[in-house]
Amino acid sequence: MKTAAEQAPATAAAHAGTSAAQAKAHDVVLQVQDLAVDIRTHRGTIRAVNSVAFEARAGETLALLGESGCGKSMTAKALAGIMDPVCDLADGQIVLNGTDLAALTPKERLKFAGPELGIVFQDALTALNPVYTVGTQLGEAFRIHRGLNAKQARLEAIDLMKRVGIPEPESRVNSYPHQFSGGMRQRILIAMAVALNPSLLIADEPTTALDVTVQAQIMQLLRTLREEGQMAVILITHDLAVVAEEADSVAVMYAGNVVESGPVAEVFADPRHPYTKGLLESVPVHLERGAELNSIPGSPPELHDIPPGCVYQSRCPMVQAICRAERPALRPVTPPVSGAGAADGAGLTPAQDSRAITPISAEGRPVRAAACHFSEEISNG
Amino acid sequence: MLIYLRKRIVSSALPLVVVIVGVFALARMTGNPASLYLPLNATQQMRDDFTARNGLDQPLLVQMADYFGGVLRLDFGQSLRTGQDAAAMALRAFPATLQLAATTMVLAVVLALVVGCWAALKPNGIADRISSFISMAAASIPDFWLAIVGIWIFAITLGWLPTSGVSGASAWVLPIATLLLRPFGVLVQIVRGSMVSALSEPYIKLARSRGAGELRVVTHHALRNAAAPALTVAGDLTVGLVNGAVVVETIFGWPGIGKLMIDSILQRDFAVLQAAVLLTAVAIFALNILIDMGYALLDARVRPVTVKA
Amino acid sequence: MTSSLTDGAAPQPSAAAQPPTKNTEDTKGGKPGLFRLLLKDPFATVSALVLIFVGLTALIGPPLMGELATKQNLLFANKAPFTFAHGWEYFLGSDSLGRSMLARLVVASRTTLSVALPAVAIALLIGSLWGVWAGYHRGWRENVSMRIADVILSFPSLLLAVVVLYIFSPSAANIVLILALTRIPIYLRTARAESAELQSRTFVDAARTFGAKPNAIIVRHVIPVVLPTLLTLATLEFCAVMLAESSLSFLGIGIQPPDVSWGLMVSQGRQYLQTAWWLSIFPGVAIVITTIAANVLAAWLRIATDPAQRWRLALPRKRLIARIPVKEAKP
Amino acid sequence: MYSSKLPFSAAVLKWPALASVAVLGLSGCTVANTDDGGAAAATDTVRVVLSQEPPTLEACESNLTSTGVVVRSNVTEPLIERNPQSGELEPKLATEWKATSDTEWTLKLREGVNFQDGTPFNAEAAAFTIERAVNSKLGCNVEGYVFGDVDLAVKAVNATTLTVTTPEPDPILPLRLSFLEVVPTSTSSTEKVREPIGTGPYKIDTWDAGQKITLSSWDGYWGDKPAYAKAEYQWRSESSVRAAMVTSGEADVAMGLSPDDNIGDLGVDYPNNETVALRMDANEAPFNDIRVRQAVNFAIDKEGIVSSLYQGKHQVAAQLVPEGIVGHNSELKGWPFDLDKAKSLVAEAKADGVDTSKQISLVVRNAQFPKITELAQVLQEQLTQAGLNVKLKMLETSQQLTYQVRPFPEDEGDVALMIQHGNQAGDAAFTVDQYMLSTGAQSYFSTPEFDAMIKKADAASGDERKKAFEDIFAYQNDKIVQFAHISHQTGILGVAKSVNYTPNSSSGDELRVSEMTPAS
Amino acid sequence: MAEPLLTIEGLTKTFHVAKSASGNTKLKALDGISLTVGRGETLGLVGESGCGKSTLARTLMMLETPDEGTVSFEGTNPFGLRGKELLGWRRRVQMVFQDPFASLNARMSAGDIIAEPWATHRSLYPTSRERDARVRELLHMVGLRPSDARKSPQEFSGGQRQRIGIARALALNPDVIILDEPVSALDLSVQAQVLNLLNELQRELGVSYIFISHDLTVVRHVADRVAVMYLGRIIETGQTEEVFDHPRHPYTAALMSASPKLDVSGAKRDRIVLKGELPSPLDPPSGCRFRTRCWQAQDICAKVSPEPQVITAPDGRRHSAECHFPLDSLKGLTGAAASAL
């Protein structure tokens, strides 16, 4: 209680600072570099997230795409500073509006949690505290960071509920989470995350548990809020279609690594990593009923058992010796120019740098990057 | 809520009757009290007189019918031992037990919450290890032994506290301390367990993501969720105290219902036994309702109106 | 106690608290054996050793002690412990009748265990089967069973003890009967709750779709899942039963001489507390140590038998002490 | 409720806080209601701690130990009282008495005595008391213990003269009358009265059921004013706690202590007239052979028991009554401890076809007196040494009573019952009629000759009576051997330094507060 | 259309629940469901959570007893069966559950799980040798190794577990398998593998599927016919292409529209985003159940429950919808919405 009171002035100041530095559209809000997360298990420490790098821009949505266990949620939690006790942030920078969160102590980070960065979880039922009214939970951020009293916080909560489209907020503010439908609970979660107008919103599978009609509503809400607040949104999902419809750029993760990134339209139209390509082909669309789907054989590697070299080598149809020997770094790929691939032959001379290069371009637009020795060939193929 | 209460009362009435019938029948299986109340060389005539006077010569069913008839008129019979109204004796003894139990449980719960939270903050940490050892030891010491050692140390050797009795606040210390240890030990483990699991819930992470500090997370978000299992167990433990602080009451001369019950069992004072059992059973039943209401206060999901099949 | 176990064990740790892929744990290396897991936890190992020691003592100790436990020597009463001056058998001193404390403790361990173990086992067996049955079928069976549990719980167990002692003779077997009867509701409630939850699980539904009979489903699917929880509970109950037995001894309606149990020794020794402390302290310590060992083991067992929590045990100890949240600043 | 006004913002803290406020409020009430008796030891109050709460203070129940301790000679008084030291009868509310015929006794009553309610004590009240206790349907304990099923004819001749007629000659009627505590005629004769009115130096002040009883001295007492203005009684069932209360200054007098209670020099010993013995059932094998019963006597190491278990405070017993009781035979010596003799007697009996291997139940009442469990185990061990098959049965009171008094349980095999007998009347008749007559309520067997001896002794008086009972005790040891006597007990009383009090053999049954004085 | 194997007629199921806010205690989970499944056919069952899909599946599996209506399996009503005959029916209809983690008992080995049905149906494979052989065969069929029989479910990945679930369902050689969201818990790459497996098995064994899913893309891929459920009723049914390409019921259209599309062109499309929430099944709207969220509801919709209208497409494909104002596939939708379909 006391600490919260002490924090109040400081956080208010921090908040004021944020408002002043409110990002313009397309400004880089968050820059992640070399992010690595370790998990301690009985088999020793395993690296769940490895050399992850991406950036999120104001007013845009970055999708972190990947299958279960690929490290995308772990990455989100590392960004938000709410990792499990068995996980450690091993390496990397998380630069949010000029501050490296990774270098802060947990207590210092608390000032950023809320005013600068909000997170939405997948399971709205467990993410809401069942024993408090939604009003109490919605108002908490205001009480912590702005030092409001219960009454003022309640008004703010009602305001928030209006913003996210919950009907009759005045009466429902005193209801408990279980009295809401799944979609409404998700709205509440979103409201909670955007309460203090953060510059970055992380949405971890926000619609996975929802029906498609509700999912469409939630996505619409997220879009609206993003545009209103010029937030940078990191959307974590496994759903290719959602990425295609909602995101501006995408980072595809596999076994703790980003294997490909770039603007969504480009990546989906012309995947430069065999995994991305495989995923896209797994979707049963534009196919005759009952026709064989082009599935990816096998399953992802165990995290404690990731082979040296390319993480995708065991499932890759075009694996070669170098893939087993050397891990390809995430590096910019040239946009496909007809006929250029064969001519410059870059695909045959794999890059030697094993360190990831953060794919930032000078013009403020994300560039295409892939972590494959033969990314150019895929394009051609 | 009223409907719910009414339902609870109706559904608890039958077990209550079963308990009383059981006590009634079992008590009479422990033999005729005549030899306890008559002189050793009492004649058969005296025994027969005694038996007849107390209606013990009737068939069990007749006795039971008489008894329940009396209960309906709020006549719970008379004590063989003291000749007093059985219900009055039970009612007189009950507050002493209730006060002892309530004070003990409040203290145990508060202490257990503090220690349990402290232990849960760093699972398997040093604090956790220490508190789990203490709580296990606390829960496994025979209470009568503890009481006597307590008297020896604090009343005789140190002279800080009175040995026994009910006079003055200081007389409460030893009985409460004795009674406290087991509930405390059990509750610490429960609170610790449910705090650990509560602290790993997504909503805790979310609270942290809103900038809630450690203290706020623990006292605000986790504690109330962790309180429900503790409440159940505290309820069971309170039932135990209400029903069976016999040992402590015996040693400290605490004029409570446990002592009354064991005395009336050993003295075959049937009417008092029945009154005491009935009273505690009603109290336990009331306690259970209170616990349910406590649940509802803690957690809106279990409020009876919203309960689904 | 009951719900603590259910509540403690039931909540799944959040998905992320588990290793990142759900199958990381066991796909390759197989599951770490219970025994190897046990060895990893020194506290649990020591506890297991203590319990094994107590069990062996109870099993083979009394014959070894022979007549020593009953051999009286009134001139040698209440001799202080921790000296070999009177021979090894009096290392723990002698009691008020000049018997060897060591021998008495050993012999009492057998009575104590042979009261506590069967009492726990009987209550476990009856309470669990009943509870599983009631919870699986729900409906009136559940309601009636729970009401019966209520009746037993609010029944004065002391009266029961006196009745049994009056009708039968005072013997360990009767104490077992009383303790077992009064502890049945504990298992009944837990088993019912678990089973009621289990009967709605998908794999139980799956079994129903083959047309499997309820009893077959209970045996095949419900009992194996409920059993670890109940065994953990039984371990804890073991302590409660030992304490209950000693309380009965204190009130004079428990184990009666010439039988001897730890509880009875504590109870009888209490009048010598100021003149011969060892008479009640040693058996008291025996109870406390056994109880703590059982408690530690139960706590360990609760985690070890829960597939969702098991991995916690396998974590390297030192790092686990890290604070929540983990310090995220770079070293 | 005040919940909305509480200054706690966190709802979590609300409930425990409320609950503790409520509980402290409740407990505060009790504490406030209980005057602080323990803290300051007022010098005008003597505080006594008993082993249990008296179920009632009814005067006709005053031979129940816990009732008598509070009531007798404190609240109520008898017509005649027996001097515990000399055994002589002394005047109390009756000033003189004599047998006016074989069956009639005439008593002269004290004048100028009033009851605590102001009514005068007279022959009518005395007659009422006797009628009420002996002839009514109240079922008083004293009736059974002292008068058996005998009804008395009582007549108030005038205000100060009373005649009592017995159906049979009764030489010890005055002694019997000393058990009757006199109550006024206003006392109910259909129901027992919890708080009697008497003529004694103290009247009942308050009775906080379950907590304590307070007596205060009564100004209208006919005799000397006692030193203490108040007496306060509490009760604790653990003897160590009672002892601790005296050592810690919470009580002045503690009853019924055990040698191991570590009371130190605050412990005062007194002979309490209680005798411990084994009663053997000769109706069953192996006790149907006198040699086996003798063997039991030889097998028990009485000296060892007394010196080790009871720290030498008890005396080895050779008969059921201790010294000071009319009929005690001081010639008798305890059976010597001779295990070999015991073994050979058992062997002899066995050789003669007695089934000495048959199981004997050693029936013992739980917590009947200090260290009874230890004693029982010693006896079991020693009898086993002698070659008998003894099974120890520790029973609770009610159950043990079925073994103690007729009708005895059938099909129980042979029984050796541990008895603790206290002859508080001072006359062996009270012992012998009960324990040795073939029809005695607590006797297994007798012989016609022995019965005749007893009848004769009962009717005798004076020295002849004394001699007759002495012979009976000798005869039992020689020819009957129903009992294996163990010890005459010594009671221990805890008495604080601040109180002067010397207990006597009756202190366990009547604790006269008027005999206590504050130490300077 | 294939020969009907399973015919469901007017199936109704009401649950009694504790009092709701409105005081209603009857939850009509199924309200007059009629369906047919042909031999070797796949029927897709589509709808949002709470629409009654799972209750329908559970009722067909006889885990629930219907209040009204009939089920006819080759002319037999399984709810009238007892003893051996009942077991015979159970053998012929089997189910695969959604959650591959919850539906397998973690304490049994894969082999035991697959063999479990035979504990009830002893006559099928009476000797342990036959059972072992059959387990190996089934494992092979679903693409697992015979040695996997000894492993416990935790040792498998989600996709592999679902294969075990499928093997278990196949153990009794059923004619119909009810697949309750069989791939929704699986990763995309694994989902494709399982869908391929299901297709393959159907081709080989000629088994019929009732494929329950909320994922329209998947349903479109596997189903021959599709039925759309809303609040306990089937509001539209017909051949898959017909329903998907020319939805007649506004709800179907909205559902199609709300479902995100993987459109690599990156062009954003307009969608029908339904307003409001699914009404509580405890208090369903009067008349047409969808009217509260329907953009073209009129007065009649509140008063009269629409009857199914059968529409025959020009190419002869039949299609029925419960709507007073069925959409004309050409005119009913906004241009943008239509183009997105």
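Per-chain numbering from 1; labels A, B, C, D and E assigned in written order.
The criterion applied here is as follows: contacts are C-beta pairs under 8 Å (C-beta built on N, C-alpha and C of every residue); 3 or more make two chains touch, one makes a residue touch a chain.
Values in this document were obtained by computation on a predicted structure and should not be read as measured data.
Participant: Suppose you hop from subunit B to any chain it touches, then on again the same way; how many hops at least until you reach subunit D?
Facilitator: Between subunit B and subunit D, the shortest chain-hopping route counts 1.
Participant: Taking each chain's centre as the mean of its CA atoms, which one is most distant from subunit E?
Facilitator: D
Participant: What's the distance between the Cα centroids of subunit B and subunit E, rounded to whole Å?
Facilitator: The separation of the two C-alpha centroids amounts to 53 Å.
Participant: Please work out the Cα centroid separation of subunit A and subunit D, and write it as a whole number of Å.
Facilitator: Centre separation, subunit A to subunit D: 88 Å.
Participant: In whole angstrom, what separates the CA-based centres of subunit B and subunit C?
Facilitator: Here the centre of subunit C sits 22 Å away from the centre of subunit B.
Participant: Quick check on subunit D: which residues sit in contact with 2+ other chains?
Facilitator: Those would be 10, 238, 240, 396, 398-399.
Participant: Name the residues of subunit B that each touch 2 or more other chains.
Facilitator: Expected reply: 30-31, 123, 148, 152, 156, 200-202, 205, 208, 219-220, 224, 250, 266.
Participant: Please set out, as single numbers or ranges, the residues of subunit A touching at least two other chains.
Facilitator: 1, 68, 77, 81-82, 84-85, 126
Participant: Contact residues on subunit C for subunit D in the complex?
Facilitator: Counting only subunit C, the residues touching subunit D are 70, 72, 74-75, 77, 96-98, 162, 165-166, 169-170, 252-253, 256-258, 268, 270-276.
Participant: Within the complex, which stretch of subunit B touches subunit D?
Facilitator: Per the touch definition, subunit B meets subunit D at residues 30-31, 33, 35-43, 45-46, 49-50, 53, 81-84, 89, 92-93, 95-96, 98-99, 102-103, 106-107, 109-110, 113, 148, 151-152, 155-156, 159, 162-169, 171-172, 219-220, 223-224, 227, 250-253, 255-256, 259-260, 266-268, 294, 297.
Participant: Sort out for me which residues of subunit B touch subunit A in the complex.
Facilitator: Subunit B residues touching subunit A: 123, 200-203, 205-216, 219-221, 224-225, 298-301, 306.
Participant: List the residues on subunit E that touch subunit C in their complex, please.
Facilitator: That would be residues 58, 61-63, 86-87, 90-91, 94-95, 97-99, 101-108, 116-117, 119-121, 152, 154-158, 165, 168, 172 of subunit E.
Participant: Using the touch definition from the top, list the residues of subunit C that touch subunit B in their complex.
Facilitator: Spelled out, the residues of subunit C in touch with subunit B are 1-4, 7-8, 11, 13-14, 17, 43, 147-148, 150-151, 153-160, 162-163, 166-167, 239, 243, 246-247, 250-251, 263, 266-267, 270, 273-274, 280, 284, 287-288, 291-292, 295-296, 299, 317, 320-321, 323-325.
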